[in-house]
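You will see two complexes here that share chain A, one where it goes with chain B and one where it goes with chain C.
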Partner chain A sequence: MRSISNSSHKGQVWTIDFTTGLLVLFIILIIYMVIWNGIAARWNSYGARTQMESSADFASESLLATAGEPKSWEMLPHIDGNVTAIGLVNGRNELNQLKIEKLVSENATAYSTIKARLGMQRYEFGLEVTDLGANIVYYRFGRFSSGSLNNTLEFDRFAILNNTPVIVHMEVWGR
Partner chain B sequence: MKGFAITLDAVVALAFFLFAVMIIGTQTYPPVNPGAIYLKQLTLDTLTVLEKTGRISQALDGNATSIQQVLEATPKLACMNLSIIDNQGNALISSVKSDCNVTARLDIQVTERPLLYQGGMYVIKTQSWFRAEPG
Partner chain C sequence: MRAQISSEFMVVYSALLLIFVIVFTIYFGGSLNLFQGLDSVAALRDAQATASAINFVYLAGDGASYSFTPSHLADNENITLTAFGVTSERLHGYASAPLIIGKVNASTLGRMSMVITDNRGEIYIQ
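So, the complex of A and B:
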(Lines of atoms letter the chains of each structure in order from A and count residues from 1; the text may use other names and numbers.)
(Lines give C-alpha, C1' and ligand atoms only; values in the text may rest on other atoms or scores of the structure.)
Protein backbone atom coordinates (compact mmCIF):
# COMPACT_ATOMS: atom_id res chain seq x y z
CA MET A 1 0.00 0.00 0.00
CA ARG A 2 2.83 2.32 0.88
CA SER A 3 4.69 1.66 -2.37
CA ILE A 4 1.60 2.51 -4.48
CA SER A 5 1.28 5.88 -2.76
CA ASN A 6 5.00 6.70 -3.33
CA SER A 7 4.78 5.76 -7.02
CA SER A 8 1.76 8.06 -7.50
CA HIS A 9 3.65 11.04 -5.98
CA LYS A 10 6.71 10.35 -8.09
CA GLY A 11 4.63 10.46 -11.26
CA GLN A 12 3.17 13.84 -10.24
CA VAL A 13 6.65 15.29 -9.57
CA TRP A 14 7.84 14.25 -13.02
CA THR A 15 4.77 15.86 -14.65
CA ILE A 16 5.37 19.14 -12.77
CA ASP A 17 9.05 18.96 -13.70
CA PHE A 18 8.20 18.40 -17.37
CA THR A 19 5.65 21.25 -17.42
CA THR A 20 8.07 23.66 -15.70
CA GLY A 21 10.83 22.67 -18.10
CA LEU A 22 8.55 23.24 -21.07
CA LEU A 23 7.51 26.63 -19.67
CA VAL A 24 11.12 27.71 -19.19
CA LEU A 25 11.94 26.53 -22.71
CA PHE A 26 9.10 28.63 -24.13
CA ILE A 27 10.23 31.69 -22.16
CA ILE A 28 13.77 31.23 -23.48
CA LEU A 29 12.47 30.87 -27.04
CA ILE A 30 10.37 34.02 -26.70
CA ILE A 31 13.34 35.99 -25.33
CA TYR A 32 15.47 34.76 -28.26
CA MET A 33 12.80 35.79 -30.77
CA VAL A 34 12.41 39.26 -29.25
CA ILE A 35 16.18 39.86 -29.24
CA TRP A 36 16.58 38.46 -32.74
CA ASN A 37 13.74 40.62 -34.11
CA GLY A 38 15.35 43.69 -32.58
CA ILE A 39 18.70 42.89 -34.17
CA ALA A 40 17.09 42.14 -37.55
CA ALA A 41 15.22 45.47 -37.46
CA ARG A 42 18.43 47.33 -36.62
CA TRP A 43 20.34 45.62 -39.44
CA ASN A 44 17.55 46.34 -41.93
CA SER A 45 17.51 49.98 -40.94
CA TYR A 46 21.30 50.15 -41.19
CA GLY A 47 21.21 48.47 -44.63
CA ALA A 48 18.58 50.88 -45.91
CA ARG A 49 20.59 53.84 -44.63
CA THR A 50 23.78 52.57 -46.28
CA GLN A 51 21.95 52.05 -49.55
CA MET A 52 20.56 55.60 -49.40
CA GLU A 53 24.04 56.95 -48.72
CA SER A 54 25.53 55.07 -51.65
CA SER A 55 22.83 56.39 -53.98
CA ALA A 56 23.39 59.93 -52.69
CA ASP A 57 27.18 59.60 -53.16
CA PHE A 58 26.81 58.39 -56.74
CA ALA A 59 24.25 61.09 -57.55
CA SER A 60 26.34 63.92 -56.12
CA GLU A 61 29.42 62.61 -57.92
CA SER A 62 27.50 62.44 -61.20
CA LEU A 63 26.28 66.02 -60.73
CA LEU A 64 29.59 67.59 -59.66
CA ALA A 65 32.15 65.55 -61.60
CA THR A 66 30.53 64.93 -65.00
CA ALA A 67 28.94 66.97 -67.77
CA GLY A 68 26.22 64.41 -68.35
CA GLU A 69 25.36 62.40 -71.45
CA PRO A 70 25.01 63.83 -74.05
CA LYS A 71 27.47 66.48 -72.88
CA SER A 72 25.22 69.31 -74.09
CA TRP A 73 22.00 67.91 -72.70
CA GLU A 74 20.98 71.39 -71.55
CA MET A 75 20.51 72.35 -75.23
CA LEU A 76 17.80 69.74 -75.75
CA PRO A 77 14.19 70.96 -75.52
CA HIS A 78 13.40 68.63 -72.61
CA ILE A 79 15.03 66.13 -70.28
CA ASP A 80 13.64 62.83 -71.56
CA GLY A 81 14.84 59.46 -72.85
CA ASN A 82 17.51 61.15 -74.97
CA VAL A 83 19.36 62.24 -71.83
CA THR A 84 21.07 59.21 -70.32
CA ALA A 85 23.05 60.94 -67.54
CA ILE A 86 22.81 64.26 -65.75
CA GLY A 87 25.87 66.29 -64.83
CA LEU A 88 26.15 69.97 -63.94
CA VAL A 89 29.80 70.81 -64.51
CA ASN A 90 32.25 71.64 -67.26
CA GLY A 91 35.31 70.50 -65.29
CA ARG A 92 35.30 68.89 -61.85
CA ASN A 93 33.25 71.10 -59.44
CA GLU A 94 32.93 73.91 -62.02
CA LEU A 95 29.20 74.47 -62.30
CA ASN A 96 27.77 75.29 -65.70
CA GLN A 97 25.08 77.91 -65.21
CA LEU A 98 23.10 76.80 -68.28
CA LYS A 99 22.94 73.23 -67.01
CA ILE A 100 21.65 74.27 -63.58
CA GLU A 101 19.10 76.63 -65.09
CA LYS A 102 17.86 73.83 -67.35
CA LEU A 103 17.64 71.45 -64.39
CA VAL A 104 15.65 73.97 -62.35
CA SER A 105 13.33 74.81 -65.25
CA GLU A 106 12.50 71.10 -65.71
CA ASN A 107 11.65 70.63 -62.03
CA ALA A 108 7.91 70.51 -62.53
CA THR A 109 7.86 68.33 -65.64
CA ALA A 110 10.88 66.02 -65.46
CA TYR A 111 11.57 65.57 -61.74
CA SER A 112 11.06 61.79 -61.87
CA THR A 113 13.16 61.39 -65.02
CA ILE A 114 16.00 63.39 -63.48
CA LYS A 115 15.87 61.28 -60.30
CA ALA A 116 15.98 58.13 -62.42
CA ARG A 117 19.03 59.39 -64.34
CA LEU A 118 20.73 60.02 -61.00
CA GLY A 119 19.88 56.50 -59.81
CA MET A 120 17.51 57.65 -57.09
CA GLN A 121 14.12 56.34 -58.18
CA ARG A 122 13.47 55.04 -54.69
CA TYR A 123 14.04 58.35 -52.94
CA GLU A 124 13.06 61.99 -53.05
CA PHE A 125 15.77 64.48 -53.86
CA GLY A 126 16.38 68.18 -53.33
CA LEU A 127 19.31 70.39 -54.33
CA GLU A 128 20.19 73.96 -53.45
CA VAL A 129 23.10 76.10 -54.56
CA THR A 130 23.92 78.75 -51.96
CA ASP A 131 26.75 81.11 -51.05
CA LEU A 132 29.36 80.00 -48.48
CA GLY A 133 27.34 81.43 -45.60
CA ALA A 134 24.19 79.59 -46.83
CA ASN A 135 22.40 82.94 -46.75
CA ILE A 136 21.69 83.43 -50.46
CA VAL A 137 20.02 80.66 -52.45
CA TYR A 138 21.06 80.90 -56.11
CA TYR A 139 19.24 77.81 -57.38
CA ARG A 140 16.77 75.35 -55.94
CA PHE A 141 15.67 72.06 -57.48
CA GLY A 142 13.58 69.10 -56.37
CA ARG A 143 11.70 68.33 -53.19
CA PHE A 144 12.77 68.82 -49.60
CA SER A 145 11.50 66.99 -46.54
CA SER A 146 11.46 70.18 -44.44
CA GLY A 147 13.10 68.23 -41.64
CA SER A 148 9.91 66.37 -40.88
CA LEU A 149 11.34 62.88 -41.41
CA ASN A 150 14.11 61.08 -39.62
CA ASN A 151 15.16 59.10 -42.71
CA THR A 152 16.63 62.15 -44.37
CA LEU A 153 20.21 62.37 -45.51
CA GLU A 154 21.49 65.94 -45.82
CA PHE A 155 24.96 66.83 -47.01
CA ASP A 156 26.90 69.73 -48.48
CA ARG A 157 29.51 69.76 -51.18
CA PHE A 158 31.58 72.57 -52.61
CA ALA A 159 31.50 73.80 -56.19
CA ILE A 160 32.49 76.86 -58.18
CA LEU A 161 29.96 79.23 -59.74
CA ASN A 162 31.28 82.24 -61.67
CA ASN A 163 34.72 81.67 -60.14
CA THR A 164 33.28 81.85 -56.61
CA PRO A 165 33.05 78.93 -54.16
CA VAL A 166 29.47 77.91 -53.46
CA ILE A 167 27.78 75.23 -51.38
CA VAL A 168 25.74 72.59 -53.14
CA HIS A 169 23.36 71.40 -50.46
CA MET A 170 21.62 68.10 -51.18
CA GLU A 171 18.86 66.28 -49.41
CA VAL A 172 17.88 62.66 -50.07
CA TRP A 173 14.95 61.19 -48.22
CA GLY A 174 12.62 58.21 -48.31
CA ARG A 175 8.86 58.30 -48.61
CA MET B 1 22.86 13.21 -5.25
CA LYS B 2 20.12 13.27 -7.87
CA GLY B 3 18.99 16.74 -6.71
CA PHE B 4 22.56 17.98 -6.93
CA ALA B 5 22.89 16.64 -10.49
CA ILE B 6 19.65 18.36 -11.56
CA THR B 7 20.74 21.68 -9.96
CA LEU B 8 24.14 21.44 -11.66
CA ASP B 9 22.41 20.69 -14.97
CA ALA B 10 20.16 23.73 -14.53
CA VAL B 11 23.09 26.00 -13.65
CA VAL B 12 25.08 24.84 -16.68
CA ALA B 13 22.03 25.33 -18.94
CA LEU B 14 21.42 28.81 -17.51
CA ALA B 15 25.09 29.71 -18.02
CA PHE B 16 24.85 28.64 -21.68
CA PHE B 17 21.67 30.64 -22.08
CA LEU B 18 23.14 33.80 -20.53
CA PHE B 19 26.27 33.43 -22.64
CA ALA B 20 24.16 33.15 -25.80
CA VAL B 21 22.08 36.20 -24.81
CA MET B 22 25.28 38.15 -24.14
CA ILE B 23 26.72 37.22 -27.55
CA ILE B 24 23.50 38.12 -29.39
CA GLY B 25 22.99 41.30 -27.38
CA THR B 26 26.42 42.67 -28.29
CA GLN B 27 25.81 42.21 -32.04
CA THR B 28 25.05 45.85 -32.78
CA TYR B 29 25.91 47.95 -35.83
CA PRO B 30 29.31 47.30 -37.36
CA PRO B 31 31.73 49.95 -36.10
CA VAL B 32 32.09 51.74 -39.43
CA ASN B 33 31.85 55.43 -40.01
CA PRO B 34 29.08 55.72 -42.60
CA GLY B 35 30.28 59.13 -43.74
CA ALA B 36 33.89 58.21 -44.58
CA ILE B 37 33.33 58.36 -48.34
CA TYR B 38 31.48 61.63 -47.97
CA LEU B 39 34.31 63.12 -45.91
CA LYS B 40 36.77 62.18 -48.65
CA GLN B 41 34.55 63.77 -51.30
CA LEU B 42 34.23 66.92 -49.21
CA THR B 43 38.01 67.12 -48.77
CA LEU B 44 38.65 66.70 -52.49
CA ASP B 45 35.95 69.30 -53.23
CA THR B 46 37.63 71.73 -50.85
CA LEU B 47 41.03 71.23 -52.44
CA THR B 48 39.65 71.59 -55.96
CA VAL B 49 37.64 74.70 -55.14
CA LEU B 50 40.57 76.35 -53.35
CA GLU B 51 42.89 75.55 -56.21
CA LYS B 52 40.58 76.51 -59.07
CA THR B 53 39.46 79.80 -57.51
CA GLY B 54 43.07 80.83 -56.95
CA ARG B 55 42.85 80.84 -53.16
CA ILE B 56 45.88 78.61 -52.76
CA SER B 57 47.94 81.03 -54.86
CA GLN B 58 46.59 83.94 -52.81
CA ALA B 59 47.66 82.14 -49.64
CA LEU B 60 51.17 81.66 -51.01
CA ASP B 61 51.18 85.38 -51.78
CA GLY B 62 50.37 86.09 -48.15
CA ASN B 63 46.56 86.14 -47.93
CA ALA B 64 45.42 82.96 -46.19
CA THR B 65 42.07 84.30 -44.98
CA SER B 66 40.30 83.13 -48.13
CA ILE B 67 41.30 79.54 -47.30
CA GLN B 68 39.95 79.90 -43.77
CA GLN B 69 36.67 81.21 -45.17
CA VAL B 70 36.13 77.99 -47.17
CA LEU B 71 37.21 75.75 -44.25
CA GLU B 72 34.70 77.48 -42.00
CA ALA B 73 31.95 76.81 -44.56
CA THR B 74 32.38 73.04 -44.35
CA PRO B 75 29.49 71.27 -42.59
CA LYS B 76 29.47 71.33 -38.81
CA LEU B 77 30.18 67.60 -38.53
CA ALA B 78 33.44 67.89 -40.46
CA CYS B 79 36.82 69.21 -39.35
CA MET B 80 39.69 70.06 -41.61
CA ASN B 81 43.29 71.17 -41.38
CA LEU B 82 45.02 72.41 -44.52
CA SER B 83 48.76 72.97 -44.86
CA ILE B 84 50.90 74.12 -47.75
CA ILE B 85 54.35 72.58 -47.57
CA ASP B 86 57.40 73.59 -49.63
CA ASN B 87 59.91 71.18 -51.16
CA GLN B 88 62.04 71.36 -47.99
CA GLY B 89 59.17 69.99 -45.95
CA ASN B 90 58.44 73.30 -44.21
CA ALA B 91 54.80 74.16 -43.58
CA LEU B 92 54.36 77.65 -45.04
CA ILE B 93 50.66 77.92 -44.25
CA SER B 94 48.49 75.97 -41.86
CA SER B 95 44.78 76.62 -41.46
CA VAL B 96 42.51 74.70 -39.09
CA LYS B 97 38.77 75.02 -38.93
CA SER B 98 37.77 76.66 -35.67
CA ASP B 99 36.67 74.46 -32.74
CA CYS B 100 38.40 71.48 -34.29
CA ASN B 101 41.32 70.97 -31.97
CA VAL B 102 40.35 67.61 -30.53
CA THR B 103 41.74 64.85 -32.73
CA ALA B 104 42.62 62.21 -30.16
CA ARG B 105 41.20 58.75 -30.89
CA LEU B 106 39.57 59.96 -34.12
CA ASP B 107 40.02 58.54 -37.62
CA ILE B 108 41.84 61.12 -39.70
CA GLN B 109 41.88 61.09 -43.49
CA VAL B 110 44.99 62.53 -45.12
CA THR B 111 45.08 63.85 -48.66
CA GLU B 112 48.07 65.34 -50.45
CA ARG B 113 48.18 67.09 -53.79
CA PRO B 114 51.23 68.55 -55.54
CA LEU B 115 51.16 72.16 -56.72
CA LEU B 116 53.44 74.03 -59.06
CA TYR B 117 53.36 77.79 -58.43
CA GLN B 118 55.76 80.36 -59.85
CA GLY B 119 58.39 77.71 -60.52
CA GLY B 120 58.23 76.29 -56.99
CA MET B 121 56.98 72.85 -56.00
CA TYR B 122 54.55 72.66 -53.09
CA VAL B 123 52.36 70.04 -51.51
CA ILE B 124 48.86 70.84 -50.30
CA LYS B 125 48.14 68.53 -47.42
CA THR B 126 44.75 68.18 -45.77
CA GLN B 127 43.75 66.25 -42.71
CA SER B 128 40.04 65.75 -42.22
CA TRP B 129 37.99 64.06 -39.54
CA PHE B 130 34.56 64.05 -38.04
CA ARG B 131 34.08 66.37 -35.12
CA ALA B 132 34.17 64.57 -31.78
CA GLU B 133 30.76 64.06 -30.26
CA PRO B 134 30.34 66.13 -27.10
CA GLY B 135 30.63 64.15 -23.90
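So, the complex of A and C:
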Protein backbone atom coordinates (compact mmCIF):
# COMPACT_ATOMS: atom_id res chain seq x y z
CA MET A 1 0.00 0.00 0.00
CA ARG A 2 2.79 2.42 0.83
CA SER A 3 4.55 1.47 -2.38
CA ILE A 4 1.50 2.40 -4.51
CA SER A 5 1.11 5.70 -2.67
CA ASN A 6 4.78 6.65 -3.32
CA SER A 7 4.49 5.78 -6.99
CA SER A 8 1.37 7.88 -7.38
CA HIS A 9 3.05 10.83 -5.68
CA LYS A 10 6.12 10.54 -7.94
CA GLY A 11 3.95 10.52 -11.04
CA GLN A 12 2.11 13.58 -9.85
CA VAL A 13 5.33 15.61 -9.44
CA TRP A 14 6.34 14.69 -12.99
CA THR A 15 2.97 15.89 -14.29
CA ILE A 16 3.16 19.18 -12.38
CA ASP A 17 6.58 19.89 -13.91
CA PHE A 18 5.30 19.02 -17.34
CA THR A 19 2.11 21.07 -16.95
CA THR A 20 4.09 24.08 -15.78
CA GLY A 21 6.37 23.80 -18.82
CA LEU A 22 3.37 23.45 -21.08
CA LEU A 23 1.73 26.51 -19.58
CA VAL A 24 4.87 28.62 -20.03
CA LEU A 25 5.18 27.46 -23.63
CA PHE A 26 1.57 28.37 -24.39
CA ILE A 27 2.01 31.78 -22.80
CA ILE A 28 5.07 32.40 -24.99
CA LEU A 29 3.14 31.25 -28.07
CA ILE A 30 0.21 33.53 -27.27
CA ILE A 31 2.53 36.52 -26.72
CA TYR A 32 4.25 35.73 -30.02
CA MET A 33 0.92 35.60 -31.87
CA VAL A 34 -0.37 38.82 -30.29
CA ILE A 35 2.86 40.71 -31.14
CA TRP A 36 2.92 39.30 -34.69
CA ASN A 37 -0.70 40.25 -35.34
CA GLY A 38 -0.09 43.72 -33.91
CA ILE A 39 2.87 44.29 -36.23
CA ALA A 40 0.88 43.01 -39.23
CA ALA A 41 -2.10 45.25 -38.40
CA ARG A 42 0.13 48.32 -38.00
CA TRP A 43 1.94 47.51 -41.26
CA ASN A 44 -1.39 47.20 -43.13
CA SER A 45 -2.63 50.46 -41.63
CA TYR A 46 0.47 52.38 -42.76
CA GLY A 47 0.26 50.81 -46.24
CA ALA A 48 -3.42 51.69 -46.61
CA ARG A 49 -2.77 55.29 -45.52
CA THR A 50 0.10 55.68 -48.00
CA GLN A 51 -2.06 54.31 -50.81
CA MET A 52 -4.87 56.71 -49.94
CA GLU A 53 -2.48 59.68 -49.88
CA SER A 54 -1.01 58.70 -53.23
CA SER A 55 -4.47 58.33 -54.83
CA ALA A 56 -5.66 61.65 -53.37
CA ASP A 57 -2.54 63.44 -54.57
CA PHE A 58 -2.98 62.24 -58.16
CA ALA A 59 -6.71 63.02 -58.09
CA SER A 60 -6.16 66.60 -56.93
CA GLU A 61 -3.47 67.08 -59.56
CA SER A 62 -5.78 65.70 -62.24
CA LEU A 63 -8.56 68.08 -61.17
CA LEU A 64 -6.52 71.26 -60.75
CA ALA A 65 -3.73 70.81 -63.29
CA THR A 66 -5.49 69.34 -66.34
CA ALA A 67 -8.53 70.07 -68.48
CA GLY A 68 -9.50 66.41 -68.66
CA GLU A 69 -9.83 64.16 -71.68
CA PRO A 70 -11.49 65.01 -74.02
CA LYS A 71 -10.64 68.62 -73.25
CA SER A 72 -14.28 69.72 -73.55
CA TRP A 73 -15.82 66.80 -71.67
CA GLU A 74 -18.28 69.18 -70.01
CA MET A 75 -20.08 69.47 -73.38
CA LEU A 76 -20.90 65.76 -73.45
CA PRO A 77 -24.42 64.79 -72.32
CA HIS A 78 -23.11 62.57 -69.50
CA ILE A 79 -19.88 61.58 -67.82
CA ASP A 80 -19.35 57.98 -68.92
CA GLY A 81 -16.71 55.79 -70.55
CA ASN A 82 -16.06 58.40 -73.22
CA VAL A 83 -14.51 60.65 -70.61
CA THR A 84 -11.07 59.14 -70.01
CA ALA A 85 -9.78 61.79 -67.60
CA ILE A 86 -11.38 64.49 -65.51
CA GLY A 87 -9.94 67.94 -64.97
CA LEU A 88 -11.55 71.21 -63.88
CA VAL A 89 -9.18 73.87 -65.17
CA ASN A 90 -8.32 75.76 -68.34
CA GLY A 91 -4.76 76.39 -67.21
CA ARG A 92 -3.13 75.26 -63.97
CA ASN A 93 -5.37 76.27 -61.01
CA GLU A 94 -7.68 78.35 -63.26
CA LEU A 95 -11.06 76.76 -62.66
CA ASN A 96 -13.49 76.45 -65.54
CA GLN A 97 -16.99 77.22 -64.24
CA LEU A 98 -18.72 75.04 -66.86
CA LYS A 99 -16.65 72.02 -65.88
CA ILE A 100 -17.43 72.45 -62.19
CA GLU A 101 -21.13 72.90 -62.89
CA LYS A 102 -21.12 69.75 -65.03
CA LEU A 103 -19.32 67.81 -62.30
CA VAL A 104 -21.82 68.95 -59.67
CA SER A 105 -24.82 68.22 -61.90
CA GLU A 106 -23.61 64.63 -62.39
CA ASN A 107 -23.22 64.05 -58.64
CA ALA A 108 -26.35 61.97 -58.28
CA THR A 109 -25.93 59.82 -61.39
CA ALA A 110 -22.21 59.51 -62.08
CA TYR A 111 -20.53 59.81 -58.67
CA SER A 112 -18.98 56.32 -58.86
CA THR A 113 -17.79 56.80 -62.45
CA ILE A 114 -16.18 60.14 -61.60
CA LYS A 115 -14.57 58.72 -58.47
CA ALA A 116 -13.16 55.76 -60.40
CA ARG A 117 -11.92 58.04 -63.18
CA LEU A 118 -9.99 60.00 -60.56
CA GLY A 119 -8.38 56.78 -59.34
CA MET A 120 -10.34 56.52 -56.11
CA GLN A 121 -12.53 53.46 -56.56
CA ARG A 122 -11.71 52.27 -53.05
CA TYR A 123 -12.51 55.53 -51.30
CA GLU A 124 -15.22 58.11 -50.91
CA PHE A 125 -14.56 61.58 -52.19
CA GLY A 126 -15.93 65.06 -51.55
CA LEU A 127 -15.03 68.42 -53.09
CA GLU A 128 -16.08 71.95 -52.16
CA VAL A 129 -15.24 75.27 -53.74
CA THR A 130 -15.43 78.04 -51.16
CA ASP A 131 -14.31 81.64 -50.67
CA LEU A 132 -11.00 82.28 -48.93
CA GLY A 133 -12.63 82.41 -45.51
CA ALA A 134 -14.46 79.11 -46.15
CA ASN A 135 -17.71 80.90 -45.28
CA ILE A 136 -19.49 80.69 -48.65
CA VAL A 137 -19.73 77.37 -50.48
CA TYR A 138 -19.95 77.99 -54.23
CA TYR A 139 -19.99 74.35 -55.34
CA ARG A 140 -20.22 71.04 -53.56
CA PHE A 141 -19.65 67.60 -55.06
CA GLY A 142 -19.44 64.07 -53.67
CA ARG A 143 -19.71 62.68 -50.16
CA PHE A 144 -18.17 63.93 -46.94
CA SER A 145 -17.42 61.97 -43.81
CA SER A 146 -18.55 64.84 -41.55
CA GLY A 147 -15.46 64.29 -39.44
CA SER A 148 -16.86 61.08 -38.02
CA LEU A 149 -13.96 58.87 -39.16
CA ASN A 150 -10.30 59.01 -38.29
CA ASN A 151 -9.18 57.67 -41.68
CA THR A 152 -10.00 60.87 -43.50
CA LEU A 153 -7.60 62.86 -45.61
CA GLU A 154 -8.45 66.55 -46.03
CA PHE A 155 -6.57 69.13 -47.99
CA ASP A 156 -7.10 72.61 -49.41
CA ARG A 157 -5.70 74.09 -52.58
CA PHE A 158 -5.92 77.61 -53.87
CA ALA A 159 -7.42 78.26 -57.28
CA ILE A 160 -8.90 81.05 -59.37
CA LEU A 161 -12.59 81.08 -60.31
CA ASN A 162 -13.81 83.94 -62.51
CA ASN A 163 -10.77 86.02 -61.52
CA THR A 164 -11.53 85.47 -57.83
CA PRO A 165 -9.25 83.45 -55.56
CA VAL A 166 -11.04 80.47 -54.01
CA ILE A 167 -10.23 77.43 -51.93
CA VAL A 168 -10.81 73.97 -53.34
CA HIS A 169 -11.37 71.77 -50.30
CA MET A 170 -11.07 68.03 -50.90
CA GLU A 171 -11.83 65.15 -48.60
CA VAL A 172 -10.90 61.53 -49.25
CA TRP A 173 -11.99 58.90 -46.76
CA GLY A 174 -12.22 55.16 -46.50
CA ARG A 175 -14.98 52.97 -45.17
CA MET B 1 1.72 0.09 -11.13
CA ARG B 2 3.09 -0.69 -14.59
CA ALA B 3 -0.24 0.13 -16.14
CA GLN B 4 -0.29 3.48 -14.36
CA ILE B 5 3.14 4.47 -15.70
CA SER B 6 2.10 3.50 -19.21
CA SER B 7 -1.04 5.65 -19.11
CA GLU B 8 0.96 8.58 -17.76
CA PHE B 9 3.42 8.11 -20.60
CA MET B 10 0.57 8.10 -23.12
CA VAL B 11 -0.85 11.32 -21.71
CA VAL B 12 2.53 13.05 -21.85
CA TYR B 13 3.25 11.68 -25.31
CA SER B 14 -0.15 12.91 -26.59
CA ALA B 15 0.45 16.33 -25.08
CA LEU B 16 3.85 16.50 -26.76
CA LEU B 17 2.34 15.59 -30.11
CA LEU B 18 -0.31 18.27 -29.62
CA ILE B 19 2.37 20.85 -28.86
CA PHE B 20 4.28 19.93 -32.02
CA VAL B 21 1.13 20.21 -34.11
CA ILE B 22 0.29 23.64 -32.64
CA VAL B 23 3.85 24.96 -32.96
CA PHE B 24 4.24 23.77 -36.57
CA THR B 25 0.81 25.12 -37.50
CA ILE B 26 1.75 28.53 -36.12
CA TYR B 27 5.17 28.37 -37.77
CA PHE B 28 3.84 27.45 -41.24
CA GLY B 29 0.93 29.86 -40.91
CA GLY B 30 3.35 32.64 -40.00
CA SER B 31 5.69 31.76 -42.86
CA LEU B 32 2.83 31.77 -45.37
CA ASN B 33 1.59 35.12 -44.04
CA LEU B 34 5.12 36.46 -44.29
CA PHE B 35 5.50 35.32 -47.92
CA GLN B 36 2.08 36.73 -48.80
CA GLY B 37 2.90 40.00 -47.06
CA LEU B 38 6.27 40.32 -48.80
CA ASP B 39 4.80 39.55 -52.21
CA SER B 40 1.89 41.94 -51.68
CA VAL B 41 4.24 44.77 -50.71
CA ALA B 42 6.53 44.06 -53.67
CA ALA B 43 3.53 43.88 -56.02
CA LEU B 44 2.22 47.18 -54.65
CA ARG B 45 5.63 48.81 -55.12
CA ASP B 46 5.77 47.69 -58.78
CA ALA B 47 2.15 48.63 -59.54
CA GLN B 48 2.59 52.06 -57.97
CA ALA B 49 5.87 52.70 -59.78
CA THR B 50 4.22 51.93 -63.12
CA ALA B 51 1.03 53.86 -62.38
CA SER B 52 3.02 56.87 -61.12
CA ALA B 53 5.12 56.93 -64.28
CA ILE B 54 1.99 56.93 -66.48
CA ASN B 55 0.14 59.46 -64.29
CA PHE B 56 3.10 61.86 -64.22
CA VAL B 57 3.46 61.71 -68.00
CA TYR B 58 -0.25 62.53 -68.37
CA LEU B 59 -0.03 65.37 -65.82
CA ALA B 60 3.01 66.79 -67.62
CA GLY B 61 0.77 67.37 -70.63
CA ASP B 62 0.68 66.76 -74.35
CA GLY B 63 4.06 65.76 -75.78
CA ALA B 64 5.57 64.70 -72.43
CA SER B 65 7.77 61.64 -72.55
CA TYR B 66 9.50 59.48 -69.96
CA SER B 67 11.86 56.54 -70.25
CA PHE B 68 10.74 53.96 -67.71
CA THR B 69 12.49 50.76 -66.71
CA PRO B 70 10.60 48.39 -64.43
CA SER B 71 13.01 47.34 -61.73
CA HIS B 72 12.75 44.57 -59.14
CA LEU B 73 10.27 42.59 -61.26
CA ALA B 74 10.12 38.93 -60.29
CA ASP B 75 10.37 36.23 -62.98
CA ASN B 76 6.77 35.17 -62.44
CA GLU B 77 5.37 38.68 -62.05
CA ASN B 78 2.77 39.97 -64.50
CA ILE B 79 1.82 43.60 -64.87
CA THR B 80 -1.47 44.35 -66.58
CA LEU B 81 -3.05 47.69 -67.44
CA THR B 82 -6.74 48.54 -67.57
CA ALA B 83 -8.60 51.80 -68.06
CA PHE B 84 -8.65 52.33 -64.32
CA GLY B 85 -5.43 50.95 -62.96
CA VAL B 86 -2.25 48.91 -63.03
CA THR B 87 -2.29 45.46 -61.47
CA SER B 88 0.78 43.51 -60.48
CA GLU B 89 0.44 39.79 -59.79
CA ARG B 90 3.03 37.71 -58.02
CA LEU B 91 3.03 34.10 -56.83
CA HIS B 92 1.74 34.83 -53.31
CA GLY B 93 0.16 38.23 -53.69
CA TYR B 94 -1.13 40.95 -55.94
CA ALA B 95 -1.80 44.67 -55.76
CA SER B 96 -3.15 47.46 -57.91
CA ALA B 97 -2.60 51.19 -58.24
CA PRO B 98 -5.00 53.68 -59.86
CA LEU B 99 -4.58 55.53 -63.15
CA ILE B 100 -6.06 58.97 -63.73
CA ILE B 101 -6.03 58.59 -67.51
CA GLY B 102 -8.10 55.90 -69.21
CA LYS B 103 -6.52 55.89 -72.65
CA VAL B 104 -3.43 53.69 -72.60
CA ASN B 105 -2.40 51.78 -75.71
CA ALA B 106 -1.02 48.72 -73.88
CA SER B 107 -2.62 46.03 -71.77
CA THR B 108 0.52 44.32 -70.45
CA LEU B 109 3.98 45.52 -69.58
CA GLY B 110 7.29 43.98 -70.64
CA ARG B 111 10.45 43.78 -68.58
CA MET B 112 12.58 45.94 -70.84
CA SER B 113 13.00 49.70 -70.76
CA MET B 114 10.10 51.54 -72.41
CA VAL B 115 9.15 55.05 -73.40
CA ILE B 116 5.85 56.44 -72.09
CA THR B 117 4.50 59.31 -74.17
CA ASP B 118 1.46 61.56 -73.89
CA ASN B 119 0.10 62.14 -77.37
CA ARG B 120 -2.92 64.48 -77.13
CA GLY B 121 -4.25 62.90 -73.98
CA GLU B 122 -3.56 59.31 -75.08
CA ILE B 123 -0.74 57.43 -73.41
CA TYR B 124 1.55 55.42 -75.66
CA ILE B 125 3.91 52.83 -74.25
CA GLN B 126 6.62 51.73 -76.69
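Here is the rule we go by: the second predicted complex is superposed on the first by the 156 of 175 C-alpha atoms of A that agree within 3 Å, B and C clash if a C-alpha of one lies under 4 Å from a C-alpha of the other, contacts with A are read in each partner's own complex, and residues count from 1 in each chain.
Note that contacts are C-beta pairs under 8 Å (C-beta built on N, C-alpha and C of every residue); 3 or more make two chains touch, one makes a residue touch a chain.
Remember, predicted model here, so these are calculated numbers, not experimental data.
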### Task
Mind working out whether A:S72 is in touch with chain B, chain C, both or neither, as first, second, both or neither?
neither
### Task
Could you tell me if A:A85 is touching chain B, chain C, both of them or neither one (first, second, both, neither)?
second
### Contacts of A:T20 with chain B and chain C, given as first, second, both or neither
neither
### Query
A:T109 contacts which: chain B (first), chain C (second), both, neither?
neither
### Query
With the two structures laid over each other on chain A, which partner does A:E61 touch: chain B (first), chain C (second), both, or neither?
both
### Task
Could you look at A:W36 and tell me whether it touches chain B, chain C, both or neither (first, second, both, neither)?
both
### Query
Can A:L132 be said to touch chain B (first), chain C (second), both, or neither?
first
### Query
So, does A:S146 touch the first partner chain B, the second partner chain C, both, or neither?
neither
#### Entry: Set of chain A residues, in rising order, touched by both chain B and chain C
32, 36, 61
#### Entry: Residue numbers on chain B that touch chain A, as the complex places them
17, 20-21, 24-25, 27-30, 34-35, 37-38, 41-42, 45-46, 48-50, 52-53, 55, 69-70, 73-75
## Note on the structure
Residue positions on chain A within touch of chain B in the complex are 28, 31-32, 35-36, 39, 42, 46, 49-50, 53, 57, 60-61, 64, 91-94, 132-134, 155-160, 163-165, 167
### Task
Over in the complex, which chain C residues touch chain A? Could you list them?
1, 4-5, 8, 11-12, 15, 19, 22-23, 26, 30, 33, 37, 41, 44, 48, 52, 55, 58-59, 61, 83-85, 97-103, 121-122
### Query
Can you name the residues of chain A that touch chain C in the complex?
3-4, 7-8, 11, 14-15, 18, 22, 25, 29, 32-33, 36, 40, 43, 47, 51, 54-55, 58-59, 61-62, 65-66, 69-71, 81, 83-85, 116-121
